[in-house]
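Input: structures, listed below.
The same chain A turns up in both complexes below, where it pairs with chain B and then with chain C.
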Partner chain A sequence: MASIEATEARRAAAFVAPALLWVLAFFIIPFAVMIGVSFARLEGRTVVYGLSFDNYLRFFTEPSLFKGLTISLEITVVVTVISVLLAYPLAWIIAMRVPARYQRLALMLAVLPFWTSYVVRSYAWLLVLGQNGVINKALLALGAIAEPLEIASTRSATIIGFVHFFVMLLTLTIYSNLIQLSPNYARAAADLGASAFATFRHVILPLTLPGVVTGAFLTFVLCIGDYITPQILGGNNELTLPQLIMLQLGRRGDFPMASAMSIILMVVVTLAYFASARWLKLDRV
Partner chain B sequence: MGRIIAWAYMALIYGFIFLPVGVLVLFSFQGGRLPVPPFNGPSLKWYGQVLGDRGLMTALGNSFLVAVVSSAVALLLGFLAAHALARHRLPGSVLMRGLLIAPMTVSYLIIALGLLSVFNGVGLRPSLLATGIGHVVINLPLCFAILYAAMGDQQKNAERAARDLGASEARILWLISAPMLMAPMLAAFFLSVTFSWDEFIIAFLLTRFDVTLPVEIWSMLRSGLSPKTNAIGSLVFLVSVSLLIVLEFTVFRKRTP
Partner chain C sequence: MNRLTTTALVSLAMMQAASAEEINALVWCDHADPALIEPFTAATGITVNLKEYEGTAAGLAILDQSQPGDWDVLVIDAVDVGRAVDLGLLAELPADKLRNADFFPEVVMADNNTRDGKIYAVTEKFGYNTIAFNKSAVDPADMEDMATLTSGKYDGRIAIYDYYLPVLGEMSLANGVNTADMTPDTLAALKEPLMALRKASKSVGDVVASQTALATGEVDILVGGGEWLTAVLHAENPDLDWTIPKQGAVRWAQSLSVLEASEKKDAALQFVDYITSPEGQARLATSSCYWGMPANAKTGDVLTPEQKAVLRWDQQPAYLAKTQLYPVPDAALDQAMQDLWTEMLQN
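Then we have the complex of A and B:
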């Protein structure tokens, strides 16, 4: 008996091994190398390895670099809050007001633009928000404005592009949470004399909070690490952390600084995880 | 009253969601040189230009190749690992599950940067192979998680019966486990294809000459707004949505009675 179990265990180990080796070789080791590189220094064009905290010190003392972090955080927080506030009512309407047989269709429509390429979606916002874009042309034609609005190449454009993407994502996660709620909760609350608002505030909202926090956490992580949307829509006035990382790589070939900034980005995400861990249910997304 | 507000809100948000895609598709039929109002069309000339563009078509082929191959590898590795971890009690299985899921929690930029450092070190040049390796890293956790969650007792019993009847482990996997998990396997595969197909930053950092479609579109953006970009974007959208509709009526139909 023991030998059969031993063979089975060995076979199982052989099945897990390829996946584990892949993760080890192409994720864990690169990550470890990156940590190592973040403590190296760039002298001229060559990377000098060692245990130097220069990159980290420079990041926190050089305003042009540190500002990237604060800008990223500001944008991410604003995007997360607006997206949740817009997506929750939509998910609620689809789950509660739309007839059950049309809910799947309504949801698929709500996320349809997901299926355009991410790069193209940011570009499409450029067509809407640009100087000669649809919104400016429409407002000018209506006489609502005399001069075209400067929306593209500003922080607002970045935020609009992000909110567009994350409203879709959050609608999905919040909907899947709402639909699992038994209608009996609301009925019980109503029987006990709660108003519609009180029912929502004290019953529905607390029960859906895990779904909201999970979606918000995903939004936070994806938003703060994204390079494409700010690069296409945000212009060059204020650079986010991922844009600064790409700048270190591209223009200067400064791998150590780019690595250090990536580690800082990861630390921020980890902190966000611990801040929301109490409500997170990542396995249920 | 509440009803009207609800429908109005829904219309408003749907309008917001569809605005950029509508503009994108509309101005892909633009007659003039700029994809902004006024609309003077419809014209198919930009679609003609897209189809006649060697660089774009090569990039399209590259993207397709990387997406299919890397997703197949991720699916195979994920399936084997999920099967082993769901069926057998292995020492350290919690740690192994954690390791397999870990890449999901890290931004693509960081994965790309780490791979770039390592590939530079071992002399693997930026290429489709390098990009494909990176795409397996991002899709393996997804395939593993989907399949691990899908492996239930029902399959376990069928596998046990086959084993009692003398089937070899390979035959069990091929004839029992894989067919019973067809729907989640297809779901995992097509999700991976979608992610790989649309992935930009890894492909951007890890390719140089054989670029993928998102990278090629990116370089088109540098020369400013053009209805040609609208046309390729609309084509990608059309293909993805067709794929989605086919999946909806084949794979996913069975799961929702």
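Then we have the complex of A and C:
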């Protein structure tokens, strides 16, 4: 009996080992190296290894660096909230109002933006939002504005670019939750006298919360770590944390500072995970 | 075709392939224009394998990760030649085989390209980080004075090229300090004018973003721009222009060198000779990636009048006189410059 259990355990370990080795080689070890480098210092143009907290201290005391974190958080929270508010009704319509045979087509149309490259999509938005872009030209032609609006190269442009992308992601996660709901829940609530709004608030929403939180968490993680969208659409008018990390790497060659800032970003993401862990159902994505 | 003929042809092709020489060149994107490289290969039979890079640090990293002899030719920022010489990367070039005598005297740059009387690189192309603008949207006379940019007249219509060295160098000149004399102390005096310029500007962007902003009319002025940015757009929009204000501007220059570890130095030297010849210089100056002034003054005989007009050929004596090389900061000044730049970006 014992030998059968041992064989089973060895077999299980053999199955799990490749995945563990993969995570060890491509996540744990690089991450440990990054933690180690974050305690080094750049002296002149030379990296001096040791146990120094200078980089962390500098990040929290230098306003231009710390501001990168607050800007990232502000943008990420706004993008996540707007994306949820837009994605939920869209997912609802697809799941509840679109006939089943057209739902696949509707979903495909909803995720069309995923088909284009991230960079191309951002530059396309630049052309839409620019001074001579589609929006300004249309509003000027309609006489709605006298002067072109300043949309490109602003935080608003960054948020628009992000929301466009993440609404699609959230629509998928919320839809996958909604479609699993039995219609009997709504019928039972109606039988008990609940209004449509009360049914949504007390029955549907709590049951779909895991999908919403999962999508929101993914949006948070992807948005706060994104470099391309704010770089192209934000016009460098304010720097997010990933942009500041790139600045340390590309311009200063300051790998210790870049590592420290990456660890801080990782800590923020971890905190977001713990905040949403109760509702997270990543297996439902 | 019988078997004997086929065998003979294959053997001939193999012999040709064996005798054909190849060199590997680590270059900037202007060298990747086939119109520049193909005539050299056609004339000499030497194939040039190109790898593009941006920024001296990236180029040095590639060399560091390569085997000795992997690379034969290196294009490098003129202000960084000394750095490469210190690392023992560059081979001495035979003075009698160089065309320096034909160069604009100001861009021979012996201080940069020579060490202990030995020449390690030759200047191949230069230009300016100055003010580029759309002359249909701004008064060109205003662009002759840096002070106009922060006068309020062009608020929200300015972009800043996101490279701290030339822009801070330009602002230092406007503040009366030569680029070679910049120190952390002189830098402190630039904070106020830099923040004022930032306040008047709409965006700060890299090459592509800056070019897009100017080309689409998003902005009308680019601080740090120059012929390298507007010339390639000239055919589409002749209103895109540039000038050097009365306060002066920063001059960039790129140098060409042969690597010490190269095992094909003769072929590499042939390439250097071609690139610095008037014909090679004309093609390099008008490369599809970016334009710039050729170092060889005799190139004027090869360029068309239109090309010379875009490059402001006739104004070069005056421009050379009122421009200075990029600042070459030590580590402390570099850190101070980048701190100031980051602060400007976040405001």
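In the analysis below, the second predicted complex is superposed on the first by the 261 of 285 C-alpha atoms of A that agree within 3 Å, B and C clash if a C-alpha of one lies under 4 Å from a C-alpha of the other, contacts with A are read in each partner's own complex, and residues count from 1 in each chain.
In this section, contacts are C-beta pairs under 8 Å (C-beta built on N, C-alpha and C of every residue); 3 or more make two chains touch, one makes a residue touch a chain.
What you see is a predicted model; the values in this text were computed from it and never measured.
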item: Which superposed partner A:44 touches (first chain B, second chain C, both, neither); value: second
item: Superposition-derived comparison: chain B or chain C, residues of chain A touched; value: B
item: Touching partner for A:150 - first (chain B), second (chain C), both, neither; value: second
item: Touching partner for A:232 - first (chain B), second (chain C), both, neither; value: both
item: Which of chain B and chain C A:65 touches, first, second, both or neither; value: second
item: First (chain B), second (chain C), both or neither touched by A:127; value: both
item: First, second, both or neither for A:115, with chain B first and chain C second; value: first
item: Touching partner for A:195 - first (chain B), second (chain C), both, neither; value: neither
item: Where chain A meets both chain C and chain B, residue numbers; value: 123, 126-127, 130, 132, 232
item: Chain A-touching residues of chain B, taken from the complex the two chains share; value: 3, 6, 9-10, 13-14, 16-21, 23-24, 27, 34-38, 77-78, 80-81, 83-85, 87-88, 90, 96, 99-100, 102-103, 105-111, 113-115, 117-118, 121, 133-134, 136-137, 140, 144-145, 149, 169, 194, 198, 200-201, 205, 213-214, 217-218, 221, 225, 229-230, 232-233, 236-237, 240-241, 244, 248, 256
item: Sites on chain A touched by chain C in the complex; value: 44-45, 63-65, 67-68, 123, 126-127, 130-132, 150, 152-153, 232, 235-239, 244, 247, 250-253
item: Sites on chain C touched by chain A in the complex; value: 55, 57, 156, 162, 164, 202-205, 209, 212-213, 216-218, 330-332, 334-335, 338-339, 342-343, 345-346
item: Residue numbers on chain A that touch chain B, as the complex places them; value: 8-9, 11-16, 18-20, 22-24, 26-31, 33-34, 37, 86, 89-90, 93-94, 97, 104, 108-110, 112-113, 115-121, 123-128, 130, 132-134, 137-138, 164, 167-168, 221-222, 224-228, 232, 242, 245-246, 249, 255, 258-259, 262, 265-266, 269, 273, 283
